[in-house]
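Read through the structures below before going on.
Both complexes shown next keep subunit A, but they swap its partner, so subunit B is in the first and subunit C is in the second.
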Partner chain A sequence: MNTRLRGVIYGAIGLVLGLLFSVLVSLILGSFTGLGALGFSKIFLSSLLSKDTWTSALPYFVPIAASASGLALAYRAGFITIGAEGQVMLGAVAAYWLLYYVIGHGSVAAVTAAILFAGLVGALYGGLVGGLRVGLGVNEILSSLMLNYIAIGIVNYLVAGPWQQGGYTRTAPLPPSMSIGLSAAVLIVVIAGLLLELFIVFTKYGVAIDSVRLARKAAQTYGIGIASTILIVALIQGFVAGIGGGALLLQLLRQLRSVGLGGWGYGYMGILAAWLGGLRPLGALAASLLIAILYSMRSTLQLYGVSDSFVLALEAIIVLSVLAFTTLSMRRGER
Partner chain B sequence: MNNGDKRPLLSLRNITKIYPGGVVANKDVSLDIYPGEVLALLGENGAGKTTLVSIAAGLIKPTEGQILVRGEPVIFNSPRDAMRKGIALVPQNPMLIDNFTVLENLVLVSRLAGKRHGIRLVRKQLEDLEKKYGLSINPSAYVWSLSFGERQKVEILKALLIDASIVLLDEPTTHLSPIEVDKLLSLTRQLADEGRGVVFITHRLSEALRVAERIAVMRRGRLVAIVSRKDAHVDQLLSYMFGEERIKRLTEIVKRRRSLPRGVRKDIVLRVNDLWVRGPHGGFSVRGASLELRSAEVLGVAGIAGNGQREFFEALIGIRKPSRGMISICGTDVTFRDSSARGRLGVGIIPEDRLGWALVPGKSLVFNTVLGLYSSPKAPIRFSIVDWRAARKMAENIIRSLEVKAPGPDANAESLSGGNMQRFIVGRELYKLPCLLLAMNPTSGLDVEAAERIRDLLLEEAARGAGILLISEDLDELVEVSDRIVVMSRGRIVYEAHRPFNIDKIAEAMTVS
Partner chain C sequence: MVNVAALLSQALPYATVYALAAQGELFLERAGLFNLGLEGMIYLSAGVTAIISLYTGSPVYGLLAGIVSSIVLALLYGFFVITLGADQAVTGLSIVFLGIGLGDVVGRATGGAVTPSIGILANDLIVVLALLVLPIVLYFMLFRSWLGYVVRSLGENVATARALGVPVTLTRIAALIINGALVGLAGSYLFFTGPLGSRWVSMSLLGWGWMSLGIVILGYWHPVGVVAASYLVGLLYAMRPLLETVGIPSSIADVTPYLVVIIALAVISALYEKMNVKPPTAIWSR
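Moving on to the complex of A and B:
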């Protein structure tokens, strides 16, 4: 059998097994919630299948998926950045600045420019991580984490300082003309994910990226530039995350507010989705949807008295078991 | 045999080892080792010799069978159990802790063997051993700074330190110079004369005949014969090792090779001038090497491992920056340029390690074809887009024309045997129609037949007109295929030999610096 097809099939088997296993564990745990196993499973299912859950999940899907598909690319090259969080934030900041302070009116062109500018700023921020790694040998995990804090600092400075509006630590909301619809936002990140997938499968950079991670010395020997490969993935990853930030601002947030040290969390959820998606942009998109749904189920379940931390634990269980089962299954498939 | 009155020190009974994946490494092997004898375990690569002694040393567990030490059945869960029963393995590639000093490594071993000796006592013991066996070594040297031969010395000292009664030497002469080999063989004798049982693994007939009382021959995981040295005949041992049929085939290969046409030597395809290259630890590993190679010529670089060949090779292929000097390939100065510059010039590269250096593990042969051709003009890449269909065809061609045994172009590179991997690599590099082929130990770890096939391919390529630089630790191989041999010692080219080669002179240049 074709190895690629085989990988997909075994991955899918793992996904299904992982979901089944996590449902089983969830039910066992759910029986302790006071609702009983049956009651809990009813609530869980109805919340999972409700239309509200899905429509409220999609706005989260946008930044998570944009982070995840880019991170999948970076991780494939062995470049373990966690900087998507900061790039999403600065993307939002960049889009806000360009639209609100520079262009000042809404139009398709203005909105497009804002999103592209968000991508550009994200790329620069990502490129900084790549450049530090390539030029000075700075570990990308550390530098990107620090840059995330700087991004949080920038947002907090802006909303409490120059961009503050009306006495609160937040900016003025964008007028309705400066916005994009949910479907447009989803479409943007799905297309970006698709393009990344094609980039990996069909361009020579896909070969370079995999070689750099799996056999650095072989890559070096046969003329693949390690530094240039890492820089390329760092820039692309930042670009896509930045676009996600821009789309997030224009669709869901509409204004910037002060943030805690944990940031918005989408970039970090993206890390999970990238691994969960088997380090493939398309897989990362699917995993992002799963994570976004779990994220939005949280509020539905809370209405039924299931505590927030319990839902968080459930999410972690689901993600872990899917990850474990897909890994096991893929490994079996490789034999 | 005069061992009838003695009890065996170590007995292996019906040992079978099947690795996960179904490879049968040992099949029903039974063997006794007596005190005071050297038993040579003879067989070609992949015959199962290393697996057998690894089982005896507790490194791996047998699938079936029993181990007896002095007649008493034992089960080894780890090498520590074997050490405490007095069994020591001197592995082919020393297994020491690089960041420890010699003394620290020895203290560790003595602890593992159950002796609570402090560092001072171990130092004292080490001094005694040095005197007794003439194994001098600086106890406070870090292992990473030692040469291969020195590391092996440390491994032998480990065995002596725990006063092992059974010493298993796994291919101990592989990386040693002729003089070092002599010393090792007499040390081996001395160990046996003191009443130890010694197993000496080798694929070299001459060594087995020189050192052992009894010779056990393994082929394809089975023990095919045990003969005493007195009754041993070279022809018979060879046929035990390889089987009659294969000997016939190999003879034919060698005969056919002699009749190969030679290409016409013209341009200089590689010129190296006063090249200085630093090694991984900062000092100069290559010190002013110079050489010239013409098209259609095979230039062998001989030398004992660790004399700068690796760094020299890495500088030539563009993954290690020289400090000064000049490398020019097909007339282009590439001294300070990376490997992609070599790729564009169509240089073929056959590195020492197959997986991880020549091939990306976990990826298909199609992928690895694209990798190898990545920067070459023959790459199936147009405007940065990979033509996977063309790549697949290339991989199929390579598999077909070089008779690579693989399920197909989509097979995982890792799943191929060493010989087939190397054939694929060579085929891929030949696909570039290289003007220059740089190869380092291209036949190491291959069985005799696979190695001969690779040498054939190199010679055919030279006949086509490529210049071939062959860096090899195997002097026999160099003598067989090279038109010219230079010897590298301590980073310098110290000797140049032309056909017909005077082996003694070359060996001398390798060992005397």
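Moving on to the complex of A and C:
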């Protein structure tokens, strides 16, 4: 059997086993929630299968998938940035600024420009991380993390200062003309993911990116610029995450509000999705859908008195179970 | 007029949390593992400390339970990374989500009641331990003892270390327990003396673990550097109210620590290299 197909099959087996295992663990944990194991499993299942969960998951899918597919590319190059969170936020800020304060009216061209501008700002933020790494040797995990917090600060400053509207710390909502539909937002992100996948599989840059992580000496010998590859990857990753932020703003958020210490969290969920997706943009898209669904289940489960932090723990258990079983079965597949 | 002495001492509680967690992580990273899950471990430890202190009426039990919970998460990380061979970054990140989720569930069970807290003496002991004793012990252990060479060899070249007879798995499990214990102590201490003051408020103890990870890098994987970096960042936190009094918006004052850390690292990375302080090869190379 060809190795790539074998990898996919074993990965899929691991995925299914992992999901089943996580259901088991969730049931055990669920029996402590006061609903009992059976009550909890009923609610969990009905929430998972309800149409509302799926439709309300798609808006979250947009920023998570945009983060994940770009991060998959970055991690392939061994560039372990966690900056998608900040890029998503600044992408949203950029789109808001351009649409509301500069263009001032909604049209297809205006909305497109806003989303592209969001990508540009995301790319600059990503490029800053890459530039610091390449130019000054600053560890990208650290710098991207700090930049995430700085992005939170920027949003909090804007909504409580120059952009504040009314008594609350938030901006004015965008008028309905300055928006995109859910299907458009999803489509943008899926197309971006597809392009990244094609970029990796069909261009020489895919090989170059992998070689920077896997065989740095060989890469240098064959004239692949380590610094330029990392910089390009950082820019692309930031661009895609920024687009996700712009689409999120125009589709779901419509206005900016003050942010807590944890940020929005989409960028961090994107990291999980990137690894779960096997560091392939297409895989990352699928994993993002799974994570978005779990995330949207919080609101339905909350109706039954299951706290949202409990669902957060469940998300982690599901990711860990899937991780355990895919790792195990991939190892078996390699033998 | 700024009261410098007060400011310097206000920085201590922040610095203590960072120093404990960052030194725990430093030790683990020297042994060649890289646990991104600090954020979740601190959070879980704080939540467990809250509930156990409340129900037993003893902050000491709370503290110990917090430490144990954090060790459990560290060992869970070890099970995934060492036993299963799973990816370190994604495992660590899942630990973040798991710790925050579980920590909040148990913390909320206190219903926001004020729990008994540790006394001034215990508080001072922890500060001294974190900022004075631990860095000295870790320095001599890691850089001046036979044991340190064993630990550090795992962060440099595992294959060679294994060939030379270093018990890789055992050493790493020991490193994970130390990591869990120190990070757990940081979480408990944070609950007692941090912004909450022994009273659980959901989602208000976030960011400490992430910053600690950053401090390991800012301190360039050296115990003394890490403690110095912890104190620097602690000082920046303590200075935030001061910045607000001179007219800087609070949202901007809040981000100054992060801004300074980035700039500091960009400036001093080269300096560290000149001083021949090197990160573990397995963790970070330029």
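We take it that the second predicted complex is superposed on the first by the 335 of 335 C-alpha atoms of A that agree within 3 Å, B and C clash if a C-alpha of one lies under 4 Å from a C-alpha of the other, contacts with A are read in each partner's own complex, and residues count from 1 in each chain.
By our rule, a residue touches a chain if its C-beta (ideal position, glycine included) is under 8 Å from a C-beta of that chain, and two chains touch if they have at least 3 such contacts.
Bear in mind that the values here come from a model prediction, so they are computed numbers and not experimental data.
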| item | value |
| --- | --- |
| When subunit B and subunit C are modelled together on subunit A, clash or fit | fit |
| First, second, both or neither for A:96, with subunit B first and subunit C second | neither |
| Partner chain in contact with A:160 - subunit B first, subunit C second, else both or neither | second |
| Partner chain(s) touched by A:331 [first = subunit B, second = subunit C, both, neither] | second |
| Residues of subunit A touched, compared between subunit B and subunit C (which is higher) | C |
| Geometry of the superposed three-chain model: angle at subunit A (Cα centres of subunit B and subunit C, steps of 10 degrees) | 70 |
| Touched partner set for A:207, first subunit B, second subunit C, both or neither | first |
| Touched partner set for A:147, first subunit B, second subunit C, both or neither | second |
| Distance in angstrom between the closest Cα atoms of subunit C and subunit B, superposition on A | 5 |
| Subunit B residues touching subunit A - in the complex, by the definition given at the top | 21, 317, 319, 338-344, 349, 351, 353, 355-364, 367, 370-376, 379, 381, 384-386, 388, 410-412 |
| Subunit C-touching residues of subunit A, taken from the complex the two chains share | 75, 80, 132, 136-139, 141-143, 145-147, 149-150, 152-154, 156-157, 160-161, 260-262, 268, 271-272, 275-276, 307, 309-317, 319-320, 323-324, 327-328, 331 |
| Subunit A-touching residues of subunit C, taken from the complex the two chains share | 80, 84-87, 89-91, 93-98, 100-105, 108, 202-204, 206-207, 210, 213-214, 217-218, 249, 251-252, 254-255, 258-259, 261-262, 265-266, 269-270, 273, 284, 286 |
| Touching residues (chain side subunit A, partner subunit B) in the complex | 2-4, 202-208, 210-211, 214-215, 217-225, 334-335 |
